[in-house]
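Residue numbering begins at 1 within each chain, and the chains themselves are lettered A, B, C and D in the order written.
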């Protein structure tokens, strides 16, 4: 599964993308796995209310299932325009 | 007093402007005077709800006083933009 | 604030660009352009009559009110009179504000007032005859929201 | 419908003019332009990050919805990414419709969605450091009206 990070999430984790092997069934489970890995992940995911997630380039909830998902992106609320 | 006519009011009356001497105290009185003059005026002023009036280039009511007014303009509802 | 009432065509792109470029710390610019359209299929041209003197005054009054009410940084209004063919631009307004909601509201306010309170009258020259455009109730109603 | 996500600057005047000219029987054209502004006085530049692929998809989805919902004749969206200096144009939208209310509403709808639902993130490069721009509650609230 491909993980993408944008804006300050990317900066805190220290990389723009990575490939992971996971058994997580939901985004929330994936986040728990990542937080357990290293301090920088724990810091980036400390406050989920400040984060958004997209599954295969569509906005989704943190309790959304990961079945068949190939690309998960984490980022702060968007500020375009 | 200078009278100005625009759009179909001008076309019905047949002229864009004219100077009149009047004792009318309000726009409504002036309109009655004009209607009594000739059929084309009576036709132009037949339905006041289809008309607007400006006194010295400010929109006004038909019962507005004419004291010190120098320019009276009659026209249909505006359709700019 | 720049208000122009003119018979000659204007260059919408150049005006919009110059207006937007001229804004110092205004982050949002909105423009509106009205174009002659041939709705019924037989329009030869559109003729716009206006009331010289009162037109400029009315536009200035509304522009000043928009500036204050929506805290705009700048306003541009250009309105043509005379004869125009389908596809020609009749008029434009542009507004600049720090935030987009004000720029949008300022432009809509100006358009609503310009439509029903500035002394312009449109006449359609059709292949089959001529017709003064009737004022639309919804244009008058639109003023109610301000 | 024309949607462009690009690093290079765009020519607002030329784009606005071409868009307005290209409209057949649409009488109303609205444009919005967002410009980098130096609110605090120490802004060196603005950097916009985006999510290639998802950005285009999100903009297309919102443009299609606007077309249907407001019966627009056409929509143009241009949004830049990368580094921009104060005064540079970040993005523009343009809408065309038979009547002005739809053109305005279509443009406001697009802007509200673009602000909070298209994957762009702004970072301010100040003389004193850098800062990611925080999302504003009022931008999120603005979506409630649609």
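The criterion applied here is as follows: contacts are C-beta pairs under 8 Å (C-beta built on N, C-alpha and C of every residue); 3 or more make two chains touch, one makes a residue touch a chain.
Everything numeric in this text was worked out from a predicted model, so none of it was measured.
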{"item": "Reaching chain D from chain A through chains that touch each other, fewest steps", "value": "1"}
{"item": "Busiest interface, counted in C-beta pairs", "value": "C-D"}
{"item": "Most widely separated chain from chain A, with each centre as the mean of CA atoms", "value": "B"}
{"item": "Gap in Å, rounded to a whole number, between the CA centres of chain C and chain B", "value": "26"}
{"item": "Where chain B and chain D are represented by their mean Cα positions, the distance between them in whole Å", "value": "48"}
{"item": "Chain A and chain B: spacing of chain centres that average the CA atoms, whole Å", "value": "72"}
{"item": "Residues of chain D touching at least two other chains", "value": "34, 100, 111"}
{"item": "Per-residue multi-chain contacts in chain A, two or more chains", "value": "81"}
{"item": "Contact pairs between chains, per stated definition", "value": "A-D, B-C, C-D"}
{"item": "In the complex, chain C residues that touch chain B", "value": "34, 48-51, 53-54, 57, 79, 90-91, 111, 114-123, 132-135, 140"}
{"item": "Parts of chain C lying in touch with chain D, wherever the complex brings them together", "value": "11-18, 20-21, 23-39, 87, 89, 98, 100-101, 103-104, 107-108, 111, 142"}
{"item": "Residues on chain B engaged by chain C in the complex (per definition of touch)", "value": "4, 6-8, 10, 54, 57-59, 73, 75-81"}
